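Each structure below appears as structure tokens.
Both complexes shown next keep chain A, but they swap its partner, so chain B is in the first and chain C is in the second.
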Partner chain A sequence: MTDDKDVLRDVWFGRIPTCFTLCQDEITEREAEPYYLLLPRVSYLTLVTDKVKKHFQKVMRQEDISEIWFEYEGTPLKWHYPIGLLFDLLASSSALPWNITVHFKSFPEKDLLHCPSKDAIEAHFMSCMKEADALKHKSQVINEMQKKDHKQLWMGLQNDRFDQFWAINRKLMEYPAEENGFRYIPFRIYQTTTERPFIQKLFRPVAADGQLHTLGDLLKEVCPSAVDPEAAAVIHLYSQLKHPNHLHPRKLNNSSACSSKHDYKLFGAFLKG
Partner chain B sequence: MEEDEFIGEKTFQRHCAEFIKHSQQIGDSWEWRPSKDCSDGYMCKIHFQIKNGSVMSHLGASTHGQTCLPMEEAFELPLDDCEVIETAAASEVIKYEYHVLYSCSYQVPVLYFRASFLDGRPLTLKDIWEGVHECYKTRLLQGPWDTITQQEHPILGQPFFVLHPCKTNEFMTPVLKNSQKINKNVNYITSWLSIVGPVVGLNLPLSYAKATSQDERNVD
Partner chain C sequence: MAEEPQTVLQLPPSSAAGGEGLTDVSPETTTPEPPSSAAVSPGTEEPAGDTKKKIDILLKAVGDTPIMKTKKWAVERTRTIQGLIDFIKKFLKLVASEQLFIYVNQSFAPSPDQEVGTLYECFGSDGKLVLHYCKSQAWG
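Let's look at the complex of A and B:
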């Protein structure tokens, strides 16, 4: 059990050093200095960048400011994806710090969801938690919780409080003793090469013969091109890995997926439900 | 096996196919769009609405094989194909695009939609909430963030509004149980869409329900 707690803590406290620079096209009253920040992998851009926004707005006029949005090398960044996912998908092979460009105009309506308030982030986060529990427990566990428990999950994330979050989340990670695991494993495989943003399918943690499925089994079934050495797909998988040497959300490139000798017991998934 | 409010993906696709067959018969312009890799797909319909102050008139876009008509052509439709339109200085035309997708997490259909003015300007979440019919306003205001929000379309990857499936399950079960007592061959999509559609401005012509009953009588 101590192994698991270390893994959970490592995932939660993962950080990405980031440098925010204002887009050249933005109109400023004086030069805007870049802003440096350590971003939590498990959080969302619009939840953790209030200071970034304030920093740049100080050198701009009110009339030149509308909704903030972020971009990396020409790609608008989807604030509703966890920060760690965005980094792993788009920038993990580049040198640190992660260089993100900040915009306050020309919001890309066709690419990005609006983030009108913190309520929007909370709604999205809770929606993900609920969907994951629909897969794990037919929504029974999350629906039986009180509103204050839901609030605690959100406050834990918002305030970077591991214990506060996990006090509630551990209930979402339990399953009855007679079962070998959840009903289905919540997972998403993200690829940058396709129009479809991610692959998500029903996948049971236990095979018909009672054997626990491994990560390799899952990939073979839902994303066979991932184990093909010729394929260029980059996969990002959020999972809580039982194997003690593998710490946090892994990016598997095609070569590591097919040469991997390790059996990851597929035991839980989606840090945030 | 008695179906409750959940359906499998194959069943979903079968009901969509039957639904679209009837849509084609009455010129209602629903069509099936497969995903690029053809592993799944969704139902899609476009229609235009004229917002005239607080009164909404409908202009059904009868497509005859096309996805949508340019506005000029739509206005030239014979009068019995569309309702009489009241134009006023403040009227605006809004293009609605509705998608019906299957959610394997909830094992139910989910209604996605987007809306924009003819110049391409999208409607905001606030616009959408304000546009919800009075009958459903109270329900919406109890928890707007749980009901209609903006989300990424799971197949197209673009921003859409979505009617949350966990909310719709609440009212689907009693309706389905009752309708199955009356008519075992009820088309799931017809029942579901006739309940959730009106919340977001999508109304089903009565003939969909009649079509199903008709088939049943013919079988007998």
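Let's look at the complex of A and C:
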């Protein structure tokens, strides 16, 4: 159980060194220096970039500022995706720091959702937590919680408080002794080779014969092209442990992804506790 | 009401078992949608085979939100929640500035760019996806 806690802490405290640069097209009153920040992998861009916003707005006139948005090498960054996911999908093979361009105009309506307030981020985060629990426990655990417990999950994320978050989240990670696991595993598989959004399907943690399903089993069932040695597709498989209570794919490189020698019991390694 | 050039195909409501008629959801030609939603071509027949291109959605009003006359819809799997919201707002003649929230399992509000096909896979039952819609936040 101790090494599980270490893994949980490692995931929670994962950081990406990032360099924010103002887009050349933005109108400034003087030169804007780049801004450096360590981004938490488990959080959301619009939640952790207030300082970035303030820094660049200092050199701009109010009338030239509208909603902030971020872009990496021409790709608008979806604020509602966890930061670690964005990085692994788009920039993991590039040298650090992650170079993100900041914009204050020409919001790309077709590519991005608006983020009108911190409340919007909270609503999105809580919805993800609820969706995950709908799969794990038919929403029973999260619905039985009090409003203050929900608030604590959010505050834990917002304030980077591991213990505060996990005091509540551990209840969402439990299952009855007589069961061998959750009803279904919440997961999303993102592929870099397609425009299609993520794959999300029903997947039980235990097979009919009582054996625990492995990560390889999951891939074989929902994303068979991923385990085809001939396929050129690079799958980004994330183990963003329990964030936000979804198993996001973990990155594997080409050939090792396909050999599937990684027999991670879905429960033992990643989701137990 | 002023009729824009609409491409909604209305099948006459069936009085056979099954109740209300299934209607195609057409794309909003003026409202931009997140790129993951595909346009629906009116009049497309569902291809035979296991993966139906369209899924059945049952819309239920919450609270004092107006009730849709047609509640059952056949919708392309790739249609997004935002696309569905825009459609319902138009159908109910709500103004663009009015908010509309959609809930799954009466518990969570999926992201606007979420595809209905994925929601159906994970949360559908008895061959359909039940969605509750509300002008205010019903389940937080």
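To be clear about the criterion, the second predicted complex is superposed on the first by the 247 of 273 C-alpha atoms of A that agree within 3 Å, B and C clash if a C-alpha of one lies under 4 Å from a C-alpha of the other, contacts with A are read in each partner's own complex, and residues count from 1 in each chain.
Note that a residue touches a chain if its C-beta (ideal position, glycine included) is under 8 Å from a C-beta of that chain, and two chains touch if they have at least 3 such contacts.
Note that the structure is predicted; figures quoted are calculated from it, not measured.
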Clash or fit: how do chain B and chain C relate after the overlay on chain A?
clash
Looking at the overlay, does A:S127 come into contact with chain B only (first), chain C only (second), both, or neither?
both
Quick check for you: in the superposed arrangement, does A:K110 touch first (chain B), second (chain C), both or neither?
both
A:R9 contacts which: chain B (first), chain C (second), both, neither?
neither
Quick one: is A:T194 in contact with chain B, with chain C, with both, or with neither? Answer first, second, both or neither.
first
Quick one: is A:K53 in contact with chain B, with chain C, with both, or with neither? Answer first, second, both or neither.
neither
Please work out whether A:K220 is in contact with chain B alone, chain C alone, both, or neither, and reply first, second, both or neither.
neither
Could you tell me if A:H80 is touching chain B, chain C, both of them or neither one (first, second, both, neither)?
both
Between chain B (first) and chain C (second), which, if any, makes contact with A:L202: first, second, both or neither?
both
Mind sorting out which residues of chain A both chain B and chain C touch, each in its own complex?
80, 109-111, 113, 123-124, 127, 130-131, 134-135, 139, 195-198, 200-202
Contact footprint of chain A on chain C as seen in their complex
32-36, 104-105, 107-113, 115, 118, 121-123, 137, 140
Contact set on chain A toward chain B in their complex
78, 80, 109-114, 116, 119-120, 122-124, 127, 130-131, 134-135, 139, 186, 194-198, 200-202
In their complex, what parts of chain A are in touch with chain C?
80, 109-111, 113, 123-124, 126-128, 130-131, 134-135, 139, 142-143, 150, 184, 195-198, 200-202
Once bound in the complex, which stretches of chain B touch chain A?
35-37, 104-106, 122, 124-126, 145-146, 149-152, 154-159, 164, 166
